[in-house]
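The same chain A turns up in both complexes below, where it pairs with chain B and then with chain C.
On to the complex of A and B.
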């Protein structure tokens, strides 16, 4: 039995809207284990991104408890939540969000600079990470010279370079064509298998759903269904 | 990490070159306009110094008491020796002798009869000594309306309006009628070599300018002069230095009970200039402060916008695990770096420009042709002063850093997730 690395217990998140409040998450209970390739799916406004933000320590619950890598998100200060993201979490965004003035190599290297790794360690890790996504030869290119698919692969390399336990991907294929989307998803799936990294998606893209091993359906801030999908379906 | 961030600054022209250019321009403007303002106001004081008071002035005690009456019978004697001793004791100053005199100018006709007369306000200066800068100091050559500066004894320049009133032409002869320092009648003929307009009504009305040696002969003042004027070699009045010079000189004669012993006054002690100088200093400080404040707002906004524009980058860095504090500190560090570079470059250019404007100035005489009632210099000059070295750093560095600090506060104030949403990350 694999350990739980994400535990969400009775989490409610409310946002002030005008003079009232909007409930984005309503008493959500859920756990994710190490090595899962799972997705939070649902229509717009269902609370997917809010849940992903809380798991990513970008936000904290109004009520309930969210524990990620043994850390209670509500109890973390700015510095500790940054440390949690730096050491244990990787992010992949809908837009690739690469820093345009830095090369592909430097974009990937940035996360390691925050960990005070040596030059040699950084170089080895960055090149290894770029090789995983098939961009070893593009290390010195600027993001503006990359195609959409290549840009998203750099984003994956950047998320993976520090070998995080969890990668949070918010609509990662939304800006990609079908061929690139499948290539990216296959890459992530391979990394999930080889490195045992937990991938957690927020999506309503059918292509992504086709690769997921588990789908948590959210609707109006509540878990409607927690669905385990047979492995063969995604092969 | 610092190297990494520095690399980003260098590559991103909008983070490095653009703000540095904006800061440089702002600082150059601050430094140059501050210098120009100080120079303009100082020039107005200098007008008084050049024409009347000098930076310091030596007179006899009795002459000083009645100086408004131009009492040449109370003038200093033995001035050549006194000049030498002053030049030796205060070599950082240029010493000149002047005689101011009143009298009547008579214009004779062909038969020698008077065809016109007018009261003269005369000034005798050293026009012929090879090293004399008096003509240049009083800007005589450029103020001439017709003719030229006297080149030999017996020539004079007279005020242009005065010449028109007396229907004088170049080369005409005029006769000075007055009294010598001993109270005897004095007559001397001069040939008009030029007419002049200083642009100052008080100076132009009845102006007669002759060489000092002519005046000494005419007024029977051999080795005498009404006033010895001292000017700092830098050309800029320094009140503290002038006070030291004055105290040191007067110390020699403090025990003397001779009514004709020399006494020195600094510019500020003459013609009620003390109050005027204090006013000028206050106005200068107020105007410079207003300008620095206005420029600070401009550069504050540059810093503010620069910081706000980078929220996108901050969002990515937050996601990668950089702490808010680290991002904030790096933002401030960059602002300090950019602000310092821009301020240094701006200050150097601004100081160089100010120096150029101090030495060469901007000739506005073409615009001031008809300005007869204002005592304004025709050449716009700046003035270098110690505060110009740091004044540009107030808007360039301080305002830039404060602007960035303000924009960076947003990083702390917002919830991380909200910031992400705003960042469209």
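On to the complex of A and C.
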């Protein structure tokens, strides 16, 4: 039995909207184990991204407890929260969010700079990550020179370069054509298998769902269904 | 911190034109401030040096009845100093007189000075080489206003100690070139021995110029004014000049700081996703705020380098070629036709501080907003 690395207990998240409040998550209970290739799925406004942000310690629950890598997100100060993200979490965003003035190499290297790794360690890790995503020869290009698919692959390399335990991917294929989406998902799946990294998606893209081993269906901020996809699980 | 400097450097260089516009404005401010500072320092230094070399020496011992700012005191403002007290002092006797150049009547001061003095640059050695009965020296401006030239004779009319008018022709033995108007305009210098004879004021002196070895002691009837006291006018004028300059500096700085502030405020909004990305990659909000502050500060550091690259040859050129100051002639301060700016290390360092500190402060103010920013909103670009 693999260990739980994410535990969500009675998590509620409310946002102030005008005079009232909007409940994005409503008493959500869920756990994710190490090495899972799982997705939080549901329509827009169902609370997928909010849950992903809480797990990523970019946000905190209004009520309940979110424990990631043994750390209670609500109890972390800014510094510890940043440390958790830097050491254990990788993020992949819908719009890639590559830093425009840096080269591909520098974008991927960034997280390692924050970890004070040596130049040699950084170079080795960055080139290895770029090779994983098939962009070893594009290290010196600027993000503006990349296609959408290449940009998202750089984002994957950036998320993976520090070998995080968890990668959080928020609608990673939303801006990609079908071929690129499948290529990227295959890359992530391979990394999941080879490095035993937990991948957690927020998506409503059918293509992504086709690769998931577990789907947590959210609707109106509540878990409607937690579905293990047997065929994929036994692969 | 090293990492933040590295990132700030990369961000600024990568930002291209936005960076270089700000750096350009700031380096212009640097050059203007250093240039003006150098000009005023050069003005001050030249004015001080000219005053010392041409007029005040190491200080002046004035007869108590003589007030340099009151022409009515000239008649009685003289006396005899005991001979044993005259050591290291050059006597000057001042009387009022009239000359008649080209039929005009011009009131002047006639000043008698020791022929063999060397403390002032007035070329009194020309008295000894002249065969004229009453050799006289005048300054270039006096020569121009009276249309006199070396070798000319002109009638001088004066009154002796009893008030009796007398007159004689004097011969212009030489014309000296000085920027010190107070020893030039409306003045004629002749040997003191001759003036004492002409006025029957034997051994009388209006003031003494102290040479470098002079040691002041209280002498009854005489009042010593040190070099520092006598230069207070120049210092006052330079202070006024500097106040005007500070206003210009402040305006220039305000424009430059506004440009940086504007850039930084825009950055907070335009670079929201970038800020969110930094945070998601593991930077703390405080680190991101520091990064933006360093970026703002770095504008001024870049400007220092660029300003040095463009400014140094310019400053060296002006320090050697000087700057013409025709519009400043005729002021109480002895200003040269050409002022040679002086660029001191203190002035340059203080200018750098003057630019870097406000640049850092105006960068920090908008960067503070980052520390209150919700990273989720930043990633979505929703911060207002």
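Heads up, the rule we're going with is that the second predicted complex is superposed on the first by the 230 of 235 C-alpha atoms of A that agree within 3 Å, B and C clash if a C-alpha of one lies under 4 Å from a C-alpha of the other, contacts with A are read in each partner's own complex, and residues count from 1 in each chain.
By our rule, contacts are C-beta pairs under 8 Å (C-beta built on N, C-alpha and C of every residue); 3 or more make two chains touch, one makes a residue touch a chain.
None of these values were measured; they are calculated from a predicted model.
When both complexes are overlaid on chain A, chain B and chain C end up clashing with each other.
Using the contact criterion defined above for the overlaid structures, shared-chain residue A:180 touches neither chain B nor chain C, since it reaches no partner.
Looking at the shared chain after the overlay, A:129 reaches neither chain B nor chain C.
By the document's definition of touching, neither partner reaches A:198: not chain B, not chain C. Touch criterion met: A:58 reaches chain B and chain C at once. Judged by the touch definition given at the top, the superposed model places A:101 against both chain B and chain C. Only one of the stretches 92-100, 110-118, 200-208 or 362-370 belonging to chain B overlaps chain C in the superposed arrangement, and that stretch is 92-100. Residues 53, 56, 58-59, 78-79, 82-83, 85-87, 91, 93, 95, 97-102, 106, 110-111, 113-114, 158 of chain A lie in contact with chain B in one complex and with chain C in the other. Chain A contributes residues 50, 53, 56-59, 78-79, 81-87, 89, 91, 93, 95, 97-102, 106, 109-111, 113-114, 158 to its touches with chain B in the complex.
Contact residues of chain A toward chain C in the complex are 53, 56, 58-59, 78-79, 82-83, 85-87, 91, 93, 95, 97-102, 106, 110-111, 113-116, 158.
Residue ranges of chain C in contact with chain A, taken from their complex: 3, 6-7, 10-11, 13-15, 273-274, 276-277, 279-287, 374-376, 379.
Across the complex, chain B meets chain A through its residues 1, 4, 7-8, 11-12, 312-313, 315-326, 412, 415-417, 420, 424-425.
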